[in-house]
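Below is one structure, written out as structure tokens; the observations come after it.
For reference, chains read A, B, C and D in written order, and residue numbers begin at 1 within each chain.
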Amino acid sequence: MIEKKYEREIEVKGHLIDSMVLTRIFDKVMDLKGDFQVLEFIVGKRKRESSYARLLVKGKNQQHLYELLESVYREGAQPVILQQVMLEPAVKDMVMPDNFYSTTNNPTQVFYNNSWIDVENIMMDKCIVLNIEKKTAICKMIRDIRKGDLIVVGEQGVKIIPQERPREGIDIFQFMSSTSSSERPTLQIARKVANDIYNTTMAGGKIIVVSGPVLVHSGASASLAKLVRMKYVHGLLTGNALAVHDIENALMGTSLGMHVNDGTLAVRGHRNHMQAINEVFKAGSLKAMVQKKILKSGVMYECIINDVPLILAGSIRDDGPNPDVITDVVEAQIKYKLLLKDAKMVLMLSTMLHSIAVGNMLPASIKVVAVDISQPVVTKLLDRGTTQAIGVVTDIGTFLPMIVQCLEQIDATRSKNRG
Amino acid sequence: MIEKKYEREIEVKGHLIDSMVLTRIFDKVMDLKGDFQVLEFIVGKRKRESSYARLLVKGKNQQHLYELLESVYREGAQPVILQQVMLEPAVKDMVMPDNFYSTTNNPTQVFYNNSWIDVENIMMDKCIVLNIEKKTAICKMIRDIRKGDLIVVGEQGVKIIPQERPREGIDIFQFMSSTSSSERPTLQIARKVANDIYNTTMAGGKIIVVSGPVLVHSGASASLAKLVRMKYVHGLLTGNALAVHDIENALMGTSLGMHVNDGTLAVRGHRNHMQAINEVFKAGSLKAMVQKKILKSGVMYECIINDVPLILAGSIRDDGPNPDVITDVVEAQIKYKLLLKDAKMVLMLSTMLHSIAVGNMLPASIKVVAVDISQPVVTKLLDRGTTQAIGVVTDIGTFLPMIVQCLEQIDATRSKNRG
Amino acid sequence: MIEKKYEREIEVKGHLIDSMVLTRIFDKVMDLKGDFQVLEFIVGKRKRESSYARLLVKGKNQQHLYELLESVYREGAQPVILQQVMLEPAVKDMVMPDNFYSTTNNPTQVFYNNSWIDVENIMMDKCIVLNIEKKTAICKMIRDIRKGDLIVVGEQGVKIIPQERPREGIDIFQFMSSTSSSERPTLQIARKVANDIYNTTMAGGKIIVVSGPVLVHSGASASLAKLVRMKYVHGLLTGNALAVHDIENALMGTSLGMHVNDGTLAVRGHRNHMQAINEVFKAGSLKAMVQKKILKSGVMYECIINDVPLILAGSIRDDGPNPDVITDVVEAQIKYKLLLKDAKMVLMLSTMLHSIAVGNMLPASIKVVAVDISQPVVTKLLDRGTTQAIGVVTDIGTFLPMIVQCLEQIDATRSKNRG
Amino acid sequence: MIEKKYEREIEVKGHLIDSMVLTRIFDKVMDLKGDFQVLEFIVGKRKRESSYARLLVKGKNQQHLYELLESVYREGAQPVILQQVMLEPAVKDMVMPDNFYSTTNNPTQVFYNNSWIDVENIMMDKCIVLNIEKKTAICKMIRDIRKGDLIVVGEQGVKIIPQERPREGIDIFQFMSSTSSSERPTLQIARKVANDIYNTTMAGGKIIVVSGPVLVHSGASASLAKLVRMKYVHGLLTGNALAVHDIENALMGTSLGMHVNDGTLAVRGHRNHMQAINEVFKAGSLKAMVQKKILKSGVMYECIINDVPLILAGSIRDDGPNPDVITDVVEAQIKYKLLLKDAKMVLMLSTMLHSIAVGNMLPASIKVVAVDISQPVVTKLLDRGTTQAIGVVTDIGTFLPMIVQCLEQIDATRSKNRG
């Protein structure tokens, strides 16, 4: 009888086996040394049918049961008897209630007043604020919380819709397992990524590029400039260094004092990147440099000319930084987040700092291609719970030119077919 | 006769051969396809005697000669006939004259009014501002330049004193060649680094630690806390993540939700780092957390209790960031630079971002120990022209505890000998 | 009606959900664009009960069905109507029939004459030879095949018993997820590995160490020597280089000419490893060096004195190699395999070459600890289908001493408790 | 007076400053805490003139002086009074005298009977055997030594001719500093390497490729096959794995079961590499497979068809290995060495094992291009004392196709110009 208190019936629907939802639920219970009983299990008879399971979860005591339920709710399970989400007001600005619910990057709903409300703008590791009048819920960062905000606490009344594993698809994201390795056919991967860039753009999808200065040092910035010109880039998130070396390259043909076209060292080249920064300060801004015809090529130039939004976030290691850089990181995060809204695909090109920043802001459903020459970096970037991400361990200096070659072929074929 | 115009006599003194100064001067001339003649060469007859060389450098034309001279001046050579430094005023705030002289991180002097003036606060890739009345010269960052500042232009009248290679020394910095490798006897290196930390502290030298969150994840933050308690750390430069995970560890025993003492995952642990941030916002600051006895252990706690200055620089990837973080990177750089003033030794522990920032601010003479598990990262950190730097490719999770063990033994021996 | 030909009923038992067996079966069918129907599914009601599933697999044609079945059989499924294994004789030595069955490293049985026969000595990527008279089956390497051997072909009549995922255990292999990372608490991992070494040895389990020369360069060979002396190592698989540098260290205190105790370079040290090799040739063998009291310490010495089997496999990059090295790699493989028989635990210490060789020979059930400073190497070593393997991305130069410290503490505690 | 006994006059000629010979000599004396006096120093007045130095080296005692001299002789210095080389016979096969002289990979001469004899076939870490009658000297591996061979002992009478640093050259080997990095313009490097391959071949120089199986996995084996067909490869040194996966690719379109043209997994693909091995055993050899028209494309095919020598060295991790593999590593080393004789350029493509083996066999003057995605591997390969080596940290899967594209352009231009 007494034991009854430490049990709860839960249920879960979907591709339980296929997407390993049930496996993860069983795992969680066992990891926490709880017990369970399968009360009902209706398996999808055919591959497209979803399954249903009803389980009895048993804890050793009230606290234990609570822990077990918290864990399984995060995997998409729900109590059979629906419970309303619990709310607590923020006692002051930027302070959450102790028991705040911390979000995942999966689509999330909260149950309030007998209806499920979608949480807007979902991101990982944030909290949920409910607007009772408007019946809306929004995912908020800690610095955006205002005194009195009604914040979701505990785990009840929150439903997560786990990403189904994509099956039988055709694009790059279905063709590679999630692990990254340098032992893959790089040329073929480049071709598939190019196809996906093309298809996403044709379907009106927004593609955001995140990149760092290695792009310039490795000689690939001309390729990114071309991608922008070809209209395949709809936003660029980066920092001071890419801008500086791109301008250095445009004005003096060097990157960190080394001639990009032949790798030799320039005379007095050590001061070239400082001179590039000085030129931006002289003109006042990147845009002014373009208007005054000082800056006539490169990634920055193409972004400005083609009206591609460009956000430069400051970092502690910046030289300068140049006046276009947002030196306050909280402000920069806000601008990054805004540009990422509704993005369909994100290319992370050889920058760990900015890629992690972006990864933290993305819902699980966005397609991500993470490219770096270091496998640990790629592994770390993929380790964000995104199910549509592929990692490519390769040299951006050859990989990006390959992608551009493929896109040029696609464009040429298309023109021909039309012509 | 005509050729005479493209020649210049230069001279150089010091351990020309031993420290490869002459080799580098010959190199520079030949790299630029110039010509030279050795007019006089007095070699130090014994190993402690310095050498003297007088050379005639020949260019193909005025511009070429100018380039040759610029190059060799940066290696410590000087024209035989002394020339006054050239100055030009900044036309507006944050803008340098086009031909600004870009500094190295070596001790530097400028020749003005028949005397050599030391450049204060030397850092790499900055410019030099002369105060004519006070006869002082200072190295300034681009954002600190004010309209009217007299800025050194061109290369003439600037003397660099290259670091002599340390010889026959006894500390760690003499025992390893500059290249880093994971194939070194790590235990012995730990012992030598410990000795150097001890000797530097005993001699009243300031030791600054730069670190990132891997310190906590790898289980080594207790060792850093101990180092602080033992008074071997005189300043800590880091970011939001180390603080957050250190507090998470102090309050909940986890780092990113994983129990640091046994590596298992905590229940609801994914929200622990967010909760740690929330606790700081609740208390208002790290100091307040200590005063209110909420925070009672860890690296942050020890720094605050032991009055060790602590600077947290913001970055675009920060969660939160907690209220102690300086979110403006330009402001954070200024604070970093201030704390690094007069430092004798810098320990860079598993953070590329902050270490590069610090590396850019250090004169070449400071002892640097750069530790990371990735060889490319260590190589990059050493590649800053510091002659007193060693790189250790190892796991900070075992290396730092080893250093603490060694320092405890030294302390114990010392107590015994005194007692 | 016609369709019926391309269907087959299969069944599978075990922890189908918990161990993801069913997920993988569904995956395989869908990857190959097949179809299926769940005819019966009895889920284990409690966590220790096993489940049962009966499925109808549907192909587009005979060949397609065949491919689908092959795939699912490898995941542990079986046709409902048992079929006898198919056999074909080898037409000549070292040649398998075209359609040979290629093994996994999981426990395997073949159905012949109405009974299931265990396959002995299972290894990955080999073939199965049946002895009809003795009713035995053995896993054979290609070079061991003799003309007339009855070799299993196709996939029918072969049953694989997939490893259940270990649950609720207590040793190191249950505490870490399979992915490796340098961001783990290394000291704690060392403690857990030490406990596991102790427990395995106490239970009479055989522990085999695989290592390379980095062990000596990093200063950790004294620790391995100690482990051997403490009786925690029951076999050592390595190559020429570890032996040579261990002897160099024992005779001259250097490794590749560098003093292991302080990292300085020895006079004429470049010839030390050649001299070490010469000393072995002079004595005739490692054993003779020990008997003649030339070799008095180190890993080789301890192995010989403590009767720990030691196998040195030759490689193309060997200097010498010393006379104890088996220069024929096929012969060396046979010796390796023999020593690995019945091993319970394998420690792979900073050697990719020998570790991959060993990984290919191990059944999936052996505990493996793979240690390397490079994450890609650790990832590659774990990528062998072993379910009981953990990877540790750390510096062997500090990790192995830590393990020895822990084992000494365990031994000390045990003595005390007994005393 | 007595002190006089511990002094010796030495002399040295060449580009002493430019090539840092004098720096290294000073270094060595000081590292060993010896003393020196510069008796005479004639500096080359112009950049192409060589310099001359006469020094008095002073030790603390006879042994110390001996150590000092040994060190400086290895840097190219010679005693002013020439001394004959000392010889000692090998007392038995494969055993060198204790005090054997261990070679460098620089051109070396021995002084015997008043004349300098060139040492043939110089390699690192071997000994020198003198044939008194024939007045020849040869560099021998330890296993080739025969009882009675007259082996050079000590350091006297041996002259090393250090490589002059190449200056003002035009090929790739002059354009990059020795350090490797992933932050280089990869496309430009590919172009320069292609030019060098072209020029070397046009000048009749022998180009040897060393490679591993990553070539196939990364999709670049078609490019190597093309290079062979274009006659730019004059020998291939590799192991079993490249051959197996190349054949797997040629016969089944997969590498380790993954389709190379699209990265998807093949049905039953896990057994493909075993099947490839079986096919070689069935045919008897690679050559037989080509003759029987079983093997019709790929790297192995092109080598056989184009009569390019191909040596497969066995390793402990081999599956099979296929019958063309030399399973005895000592025999394989001999074959490798033979093929490397007179090579002008060596391309090391993503294999550490075989590249280290080859590196040990090369004189310092051979041009080496070492390509790998891991910087530590490239650093290790370059760390062999070769002065003409460049390291490229890139993805072979895109780098080799780029080189082939460049060579095709060169060929096309040449045809056009001729036509």
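Convention: a contact is a pair of C-beta atoms (placed from the backbone, for glycine too) under 8 Å apart; a residue touches a chain by one contact, two chains touch by 3 or more.
Computed from a prediction, not measured in an experiment: that's the story for all the values here.
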item	value
Between A-B and A-D, the pair with more C-beta contacts	A-B
Centroid-based (C-alpha) most distant chain relative to chain A	D
Chain A and chain B, separation of their C-alpha mean positions in angstrom	34
For chain A paired with chain D, centre-to-centre distance based on mean C-alpha positions, whole Å	45
Multi-chain contact residues (two or more partners), chain A	182, 376
Touching residues on chain D, where the partner in the complex is chain A	175-176, 182-190, 192, 214, 217-220, 255-256, 258, 260-264, 373, 393-395, 397-399, 401-402
Touching residues on chain B, where the partner in the complex is chain D	17-18, 20, 22-23, 26-27, 29-30, 33, 35-38, 41, 43-47, 167-168, 179, 181-182, 375-376, 379, 383
Chain C to chain D touching residues, read off their complex	31-32, 67, 70-71, 94-96, 98, 100-102, 104, 125-127, 142-143, 155, 239, 265, 267-268, 270-271, 273-275, 277-278, 281-282, 313-321, 323, 327-333, 336, 353-354, 356-357, 360, 374, 376
